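Look for subunit A in each of the two complexes below; its partner is subunit B in the first and subunit C in the second.
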Partner chain A sequence: MEDIFKHIQPVEYYKSFLKENIRPDTRTLQQIRKTTLNVGPITTADGSALVKIGNTMVMCGVKAELTQPTAEEPKKGIIVPNLDLPALCSSKFKPGPPNTQAQVGTKFLDNLIKIANLVNSEDLCIVPDKLVWVLYCDVTCLNYDGCVIDAAVVALVAALRSVSLPSVTLNEETDTPVTNINEKTPLTINCLPVASSFSFFESEHIITDPTLSEEDITSGCLTVVSDEHENLLLVDRPGGVSITEDQLEICIQRSFKRTKEVHKLYKAVHKPSESNDQT
Partner chain B sequence: FELISDEGYRFDGRKPSELRRVRCNMGVFTQADGSAYIEQGNTKVLAAIYGPHEASNNMRSRVCLDKCFINCEFSQAMFSSAERKKRSRGDRKGKDMSAHIKQTFEAAVRTQLYPRSQIDIYLQVLHSDGSLYCACVNAATLALIDAGIAMKDYVCACSASLTKETSLIDINHVEELAGCAEFSAAIMPKLDQIIYSELNGRIHQDELGQLVDAVTNGCKDIFAVIDRFEVITDNTEIAVSPRSLHS
Partner chain C sequence: MIMKDDMHEVVEQPPTSKFQCEMNALKNADGSAFYSQGETSVMVAVYGPGDLKETKQEIDKALVEVDFRPKLGSPTVNEKYLERFVQGVCENAIMLALHPRTAFAIIVQIMQDQGSLLSCAINAVCVALQDAGVSMKHLPVAVTVALRKESESELEDATDVLIINPTIKEESESFSILTFVFDSVNKNLLCMHSQGPLLPKQHERCLKAAKEATEEVLKFFRDSVTQKVAAGLEL
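Let's look at the complex of A and B:
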């Protein structure tokens, strides 16, 4: 009976829970799902991470390649993020070329890398104007249950943090790169951003970390990205119902709190001895 | 270099007729109707099943009135192989693989039970280390079982290669690169039927029998692993099995 009600009247169903200040998955409105981070599951990638936020599951693999830099920025390496939302992850998506949501997500990650200055692009330069590293960061969603961008950011940062690049020199005579696999230096990450998403239900309820069914019935969402020093990096609000300044302030405060929690995860996995942790 | 040492062991220390370690899990996703994860050595594959459901808009033309049609999409993560892939799906190899897997399961699923509907099989390779087709078929079998879709039998697949008159089963990436003939087959182990087989490379006619035997044994070993896994996790299945009803 309850199941039928849920499918026929999803909004009414949700409201009956909100009256009691609880959500259908027994969380309170502020509560965030359990986040799990696993670093290095894929050995063919130069860096990789698997992130779970509740049922949402995202994997990021970083592949490093050598390339010629662009003419405008001869001393800068290149980072290319890509978010993939395959048909495998949800019945919402159909097979075919990348959908709008995947492209918006890719652009979001690209902006974040630039704004947060995640990696000094000069660090990726080997020989100016001739040889630089290009890091392909492929983020694949395996199970879509809301807040994919939050999981994607954690996966991207954790995967980039696990990258070690071999030392490369350019042979002047033959103009070919020579790689020394034995000498590897870890990539320096300047900043550890964390994204937190919120949904707004009837413009008065702020729902933290919405699931897919919550994303579907709510009107408009907000994503806040902040770093460990309580700096705001990105605030993304792609339309929807209007919100007040106070609500924005609440969301920002909650995102700072979440950033601190996820930082414990980042710290825990960065010790070489441990590779798994949970909050 | 030699694929098999003088002592009779392979590159990764296996005997010629030994499988790599198989680990599997069912019901790994909540969004899909059925899902499974399989690891055969370093080859790691995820499978998700959606359906049977009404045909989606762009596939209306494929609807059959007396049976369901199977839509298969094979996708390989860009970071799954040593060399980064340019496209994760839709390239020639992916299309080829999708078509083969689709045909394999058209032979095994009882499609006439689901008229006018569609079943989606989505496969995602996370880590590729040889025998991709086989790992995909095994993962899809488990996912179809998880989705509760009627099949004639399990479908188990295994690959083999031939070197120095010895057949090596479940070949990994290094052995694939060596350029020997490669034979893969999918069988229904209880019905003893071969539903798919593919041979790449040159062998003598007399050697084919040996390869088929090796692959069949490999498939049966895989069946033993995934079938045992089934019994361990699915308690309800034991409770309602015909044997326990009669005893």
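Let's look at the complex of A and C:
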């Protein structure tokens, strides 16, 4: 009976839970699902990470390649993020070219890398105007259950953090790069951003970390990306119900709290000996 | 418009000619507008409520389809990103429940991008929707704000220069760019986008400044409609 009610009247079903200040998955409105971070699951990639937030699962792999820099920025390496939402991860998506949501997510990650100055692009330079690193960061969603962008940000940062680049020299005579695999230096990451998403149910309830079914019945998502120094890096809210400034303030404060929690994760996985942790 | 921190010392008053708009610029569209904000200009056409494929129809409301066109070539990821904001704002502002099983097509063509593109596009769409006579809950009003570090001063955040509707040059010099969209009735936040490292205190200041700046845009909207109606009476 309850199952039928859930499918026929999803909004009414949800409201009956909200009255008791709880969600259908037994979380409170502020509670965030259990987050798991695993670094280095793909051994053939230069850096990788697997992130789970509840049932949402996102994998990021980083592939480093050598290339010629652009003429405008001869001393800068290139980072190319890509978010893929394949048909595999949810019935929402159909096979084919990337849908709007994937493209928007890709642009979001690209913006974040630039704004947070995640990696000094000069660090990726080997020989100015001749040889630089290009890092292809492919973020793939394996299971879509809301807040993919939150998981994608954690996966991207953790994967980039696990990258070690071999030393490369350019052979002057033959003009070919010589790679020394034995001499690897880890990539320096300047900042550890964390994204937190919120959605709004009937403009009064703030729902932290919405699942897919919650995203469907609420309108508009607010994503706040902040770093450990309580800096707001990106705030993104593409429409939806109007919110008051107080609500925005609450979301910002909660995102700072969330950032601190995820930071413990980042720190825990970065010790070379262990690579799994949960909050 | 450049304001110093204490909000009283206005260095440069914006000329009212900063905003320009021509309603009903395209004769075939149900509503259209050529809107410019400073050097940035955008052309918007609105068609709707119109027919929609049966498989796409929604039984309780109309659909909003936004097409954001760059100056040349086909839309890239950048345009898709901006498109989502315009769509989100329209879905909220238009009374979609009045036209079930139909669609609104909104085409935004960038004519010239010299900074504050997102706020210009949203304001242009708002004017075009008014021109089309679409029923709306409220008018969305967009304002872009940029924060720039004062180069001469050694002091911290108190000396940040706040620029409203920055040009592309001012945007590149700024460390943070924020776009806010407010509704005209309750002045609540409809949509926002900010990028750049920002302390909560600075964020609050930008929000306040943007809210004040909406008055000017709203006044411009009112004047444009008055002009359009007055021109119609003469005929």
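Here are a few things to note about the model shown:
In the analysis below, the second predicted complex is superposed on the first by the 279 of 279 C-alpha atoms of A that agree within 3 Å, B and C clash if a C-alpha of one lies under 4 Å from a C-alpha of the other, contacts with A are read in each partner's own complex, and residues count from 1 in each chain.
Keep in mind that, in the parts below, a contact is a pair of C-beta atoms (placed from the backbone, for glycine too) under 8 Å apart; a residue touches a chain by one contact, two chains touch by 3 or more.
This structure is a prediction, so every number in the text was calculated from the model and none was measured.
By the touch criterion defined above, A:I42 reaches subunit B but does not reach subunit C. Contacts of A:P95 after superposition: subunit B is touched, whereas subunit C is not reached. With both structures placed on the common chain, the touch criterion links A:D84 to subunit B but leaves subunit C unconnected. When both complexes are overlaid on chain A, the residue A:E245 reaches subunit C alone and has no touch with subunit B. Contact with subunit B, but none with subunit C, is seen for A:K63 once the two complexes are overlaid on the shared chain. For the contact definition in use here, the subunit B contact set and the subunit C contact set of subunit A share no residue.
Per the touch definition, subunit C reaches subunit A in the complex via residues 77-78, 80-81, 83-85, 87-92, 178, 183, 186, 188-200, 203, 207. Residues 28-32, 42, 44, 46, 48, 50, 53, 56, 58, 71, 73, 75, 77-82, 84, 88-89, 120, 122-124, 126-128 of subunit B are the ones that touch subunit A when the two sit in their complex. By the touch rule above, subunit A contacts subunit C in their complex via residues 100, 103-104, 106-108, 110-111, 115-116, 219-220, 227, 230-245, 248-249, 252.
Of all residues in subunit A, those touching subunit B in their complex are 41-45, 48, 55, 57, 59, 61-63, 65, 82, 84, 86-91, 94-96, 136, 138, 140, 142-145, 212.
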